[in-house]
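Next come two complexes, and both contain subunit A; in the first it sits with subunit B, in the second with subunit C.
For the complex of A and B:
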């Protein structure tokens, strides 16, 4: 009876339809796990948009939903970058907003009432489910093993390297871009394998969608030509390659040029040149291929040489002329910063100041990928076994991706898919070998071993390790040991991913959480408190000056115009704000008046020990300002003679007189008993006498002092300068120095 | 009688001033310009430094205060000196009549101990720029402007730009770097040599290039390098190892965002061993025909994998204090 039921169970897994059903169920479960693991932040906090950039995307989406697509396309935003404004419709990647707008309208059409905010919050988790499916498809193209695809999907679903940018509320371009990236690669492999124009066109379509969604599309633009180039170098030029590549390039480039932000870049900038170059190269190869079939081989040799050298010379000439004539843009700064972030530090401080543009230390790799990081090389090695065209793709992608992930933390995101695919290939290879219930018979293979010589020679072109024939694993003990160990590692991986997601990647950073001594959770909500205050207590067109990090949040949450925001398109404007923050009050005040600033917002973590505050970012403001006004702002002067960055009594005069220092520490000592004032971030004791502010009034300070807002004073009614007016109000005598004052001049504007 | 010391010191000051001003500003410029035509930057000592920078002056002075002697171990000074020489030479060469009225000088610590003392300098090099106090380009303050070496060694072009910014409306002869013949010749020789070698060795090299094992090895090694943070070392120029403060060596840097050169190599080796064990389990072991050898191989590779992974986790716990997971041997 029991033997019979086992038989039934064993047969149940063998039918094709049963397998398909199982696969669908497993994929659905994986998608469920992928979505569920991204919901930590919603459960722990609430359904809220995270961080900085998502707030802009959210605001843009609301605009799109409210005003319609065409208005959105032509949107000129006069509430940012005051007084310049920003041509928002032409300077963003609209894919994300249009996707959520479409979902919103579709749900509305189905009479499901849903708030646009909830769509935005949950978009990234929903797309992560799709990404897992795309990884499944891509892996299935690589290996015949049915389990590899499912493993890849599972890895993709829960790998922290991807979760870091796709938790619920992280409404950023990457939320949909990674799905598009993986799916475009899948379509490319499909097109290449079949030499199919249809798949090539589909690939171009999704490439166009990717371009519309994320600036990282350049990764595809460089990787596909590289793959094609490697294939050509390996002597694997084929009509399949020709058809798929040219279809992708022609249609994909046209599609990408439809995005106003991209425009003519694909034919101008150097990042796009490899794709164009390979396109031309393939045409030449196709032409040569045709000529070879048409003329005798002796003449063909001469023709080939002449043709090759002529083309090379001509191409070089055109490139030199075009670059020197300025038709082709020089290699852009962001591009250089990919090769060497040291370049960015010297030449473009605004890029170097972003923590995402820093190189990656090894713990970050392990943190984001755990055991996948060491399965990854093994998987790549296994790709060398067959080394068909699609395996070359994995190898090229692995090298390219790991280099860029090493240079820039953010690009860990583009590495994660290939790590998941390669690791899945490796681990499925191990599991397939050791979970096979059939054991080989030792006698069969003893004989084989002797007559192995011929087989060895046949497999010469392959890897050394695969020269012998596969025998299989004999002992059940061996099988169970390896299978148990692998299961343990996989379980550990799941634990790791959950732990990392829960601890590191699920904080909205708008709302902070801390633990009280009794272990209960305490929510610190200063940001929203302050933005709400701005919304309720200031005029609707009151201009807020803050460092650019908070621009999007002020725009999104407080709905007030800002001077600079996270778009960072205008370095000079940012440097102006940096100068205002790092100069003396007398210098800053005219700058603020000229920009019609009504309120200044600073972030101060000294009371709470919140290290991401403005004093810690201050040196970047100084550096960026120094880049534009090297004679007026000097980084050196913010360091003590011994080269230390100090905020206590030893701080330099320039530091103590800077507007940022004054705004951060204004009245701070009054919180403490005399002599006890302490900055908990820098861990220093502050002087008893705090700074005085003459041109600003304190308007608002949040509960934990994280956000401080100051109102810019109007001109003095009696025409005095602010310093003397403030001194008079404090009850000081008029100083004799006033006698020396120069006769007041008539102001001519 | 209280006025006497004041008077004395005042007269003394006047006397030294008169001594310095004995030669008129025009004469001094001519003297130093003539000197710089023969060899620039002018090598200064305490007295000549005082005379050169005395007020009033209708010319501009750029003095590099440096400490070249090996005793002081000033790496930055030695790195900057050739750039400084190059800058002053190409400036003077481009402005022989002295239309820009700029004198370059170098004052070494061994020759100008007193000047270093009086300026209260703790560090070297320091580049001081003395604007003219009289004449058409006179600046409001006679105080020198200090150039910042905070960002490490500067190139001649960067300093040139800085000088030009402080001297508007005057000629700024550009920095001309001499042609590096040695570099050109060596590049040419190396290129032609390697081309010849490639041509001769092609039949022998070709099988190596087409060998899949070679490419697999290259790919794996580069992946291991990149994923173990080699680019971080390269960009941040981290030290190879560092002391732990008790005379020993600390192999692993404290902190999540930090690492040493050797640490990344250890990590790369660990990843390599783990990968190799996986490859062996997946590819090599099932190809062993002898059951006993196979059993031993499974145990060996499985054991290595387990122990190494456990060690990797323990190393990671060093980097990230709150990490809760571990495997048996290295708990």
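For the complex of A and C:
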């Protein structure tokens, strides 16, 4: 029957060139799949930059393309962090912008006119294809099985843990950084295996590119020394390790120092010290290794112990002294929060307030990696079985990566590559065993044994356990069952990935989607509506005050100066905004005047049930402000006596008088029939009488009330304070009420 | 791998107790007669002092006798780099690190060049041939030149 065609197929797969061709085609298909699955957001919504940080990257890229590289390098931005400004060129990772700028100019040179926005939107998907290829290369270094690399590439291409940061439009540093991470690891393994300076130098160059692209480069800076250290501890020091590591470190450190934002950090901060320490340690080891070859081994042992322990102790001492004397900067706060997950919450609220810095919840692992997460330990176990230098790397990476992925949601991203590689090793091992069409033939082995000699045979007949059993799968049934099960798992995995990508990770979060009762999609476009309003109705230099989350978007979409943005480099300035938001109007108004604020922007989800609004973030503003002004802003006063965070009639006076509360609920009750005003996020009924605003005028409220913009009033013409001026405007009614009451009292008397 | 196996193999002939303190050929007998640990350590230390100059003498003999002329040239260059690096560091400690960029790029140029030269020396060493199946001496030199170019490019760029 079909035996003939199977034969043809089998023969076709045998030639070396055919295999290479197949491999190239498969890799291309994988890259295609990786790109395609990231395009959901473009198809569902449109070609638009997502979220928060990408808006800044996009703005910087436009600046780079418009003004050229040198201007970009020296860019001082006076339209953010008003009135401080930001030395943007020196405080960003330029890799992403330079990459898209280079692509832009290359395409221009090829006479392909393309909008820079489309390059930015599609950069992440394009690089995901390259990441898949890098994963293929890395896995091929680990195992001789040719299928493992292809599986790893496929996993890498569609694993949601990576897709979460690389859908089309997610124009963030991670978009290219993960490719660089995996590729740097591949080059490192290659350099280590061959002991080649050139590969080490390439590794250093890509490490430099990585440093230019993402703050997560510290992951490599710590992982490679750790790998080297583990190898040394296992007694696997080799000249190859010396050559590859020292070349990488000497060149890579210099390369990393070229980035202004990194500057002297590699020689000054503790995060970079392990790499330096291992570098020095390897020099000693190389020297010892040389001495070992020169003198008898007993003498050498004396030499070794004295020398090594003495120097190591000395180095440690120097490090401790230098750290305590302040020569080397102490570990930074973000670093502490990696060890103690409660640290940031107590000491640095600005770090803890970012949702992606929260510890990972357990389901997230399964959600982001699905079946890979249970294949991952199997793959690591298989690495233990072989345990060459490169397998040690996978083991070390797995431990390191798992820990950090557990500590911070965002670092799931760095775990994903090793999970893909390990899972691919596990699956390919299973498939190689069970898909082997030939059944092992016990007779072959017996013949071998007989030919070995009669003495052996005699021993074998006596003791059965001494003979090596013939390992293999005989039954076709078990083969087909396992193969079918694996295939089913793989298919389910693809389903899961597609589902997660389309449902969880493809929303631009600038544009929201909802479903109408009839099932059709309804686009909620309040953000762009409001930013467009700002762009068209305010002065070019009108300063907008908002919580820092929206700073980049206001800068990118509305093109207006902001007080604080997502860069969060100045905690005090953010605390100032937090204080203005959380204080009474009389306190806030001078702050806003001092900072020349023209408009205040708040995000309010009460009408729509949009939970990411400012009232829900409000406690962070209070906490951050409290960190600077503990006497004036107190978190406790925003909670009811029973310790609840309430916005309805039971809310505390401080809460009701805070500017944020007033701006959010101003005039809100007028939307509803009396007594029915409802906040759909908090699920509470609001009091009938809404808050009054004296120092602000409502300027704009978007269609679904998500964004509300207020104009800061000028000083009163008659020199009154705003409260009395507003009371005068409302005047007559109140006075009458007063009079009535007074009159009534009089009458009673 | 090779090193991992070699050391245990050489120490196994000793009794376990002796193996702990064995430093020179005469150590086992001394160790067996003195069971107290501190005495063992003292004896071992004494013998170490005796053996130190022997170690150094062996080392120099080995170096002078069995190093090819070309390798010695490389070593001279490495020694020069160490001296230059030490001088720069001394200057930094004594006279302050004011143009820190300049100091860093100068110092890392010597350090980087040192490790690259050391790598070249390792790769061209006949004894290490088995470690580098894919690196011929010519290839090693080409790598060395390429890496040095990269290194000095970064240094010049960083020097301000």
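Keep in mind that, in the parts below, the second predicted complex is superposed on the first by the 689 of 749 C-alpha atoms of A that agree within 3 Å, B and C clash if a C-alpha of one lies under 4 Å from a C-alpha of the other, contacts with A are read in each partner's own complex, and residues count from 1 in each chain.
As a convention for this text, a contact is a pair of C-beta atoms (placed from the backbone, for glycine too) under 8 Å apart; a residue touches a chain by one contact, two chains touch by 3 or more.
It should be emphasised that the depicted structure is a prediction, and the values quoted were computed from it without experimental measurement.
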{"item": "Combined model on subunit A where subunit B meets subunit C, clash or fit", "value": "fit"}
{"item": "First, second, both or neither for A:264, with subunit B first and subunit C second", "value": "second"}
{"item": "Partner chain(s) touched by A:591 [first = subunit B, second = subunit C, both, neither]", "value": "neither"}
{"item": "Partner chain(s) touched by A:363 [first = subunit B, second = subunit C, both, neither]", "value": "first"}
{"item": "Which superposed partner A:398 touches (first subunit B, second subunit C, both, neither)", "value": "first"}
{"item": "Per-residue contact with subunit A, leading partner among subunit C and subunit B", "value": "B"}
{"item": "Contacts of A:250 with subunit B and subunit C, given as first, second, both or neither", "value": "second"}
{"item": "Following superposition on chain A: angle at subunit A, subunit B versus subunit C, Cα, nearest 10°", "value": "90"}
{"item": "A:240 touches, of subunit B and subunit C: first, second, both or neither?", "value": "second"}
{"item": "First, second, both or neither for A:373, with subunit B first and subunit C second", "value": "first"}
{"item": "Superposed arrangement (fit on chain A Cα atoms) - minimum subunit B/subunit C Cα distance in Å", "value": "8"}
{"item": "Interfacial residue positions of subunit B with respect to subunit A in the complex", "value": "122, 148, 150-151, 162, 165, 212-213, 215-216, 219-220, 222-224, 226-232, 234-236, 256-259, 263-264, 267, 270-272, 274-276, 278-279, 281-289, 291, 294-295, 298-299, 302, 305-306, 309, 312, 316, 319-320, 322, 324-325, 327"}
{"item": "Contact set on subunit C toward subunit A in their complex", "value": "1, 3-4, 6-7, 10, 22-25, 27, 48, 51, 54-55, 58-59, 62-63, 100, 104-105, 108, 111-112, 115-116, 118-120, 122-123, 127-128, 131-132, 134-135, 140, 142-144, 146-147, 150-151, 154-155, 157-158"}
{"item": "Interface residues, subunit A side, partner subunit C - complex", "value": "194-198, 200-201, 204-205, 234-240, 242-243, 246-247, 249-251, 253-255, 257-258, 264, 267, 283, 286, 291, 293-299, 301-303, 306"}
{"item": "Subunit B-facing residues of subunit A, complex", "value": "340-342, 346, 359-367, 371, 373-378, 380-382, 384-385, 387, 395, 398-399, 402-403, 405-407, 426-427, 429-430, 433-434, 442, 445-446, 448-449, 461-466, 468-475, 477-478, 481-482, 485, 489, 492, 495-496, 499, 503, 630-631, 634-636, 639, 641"}
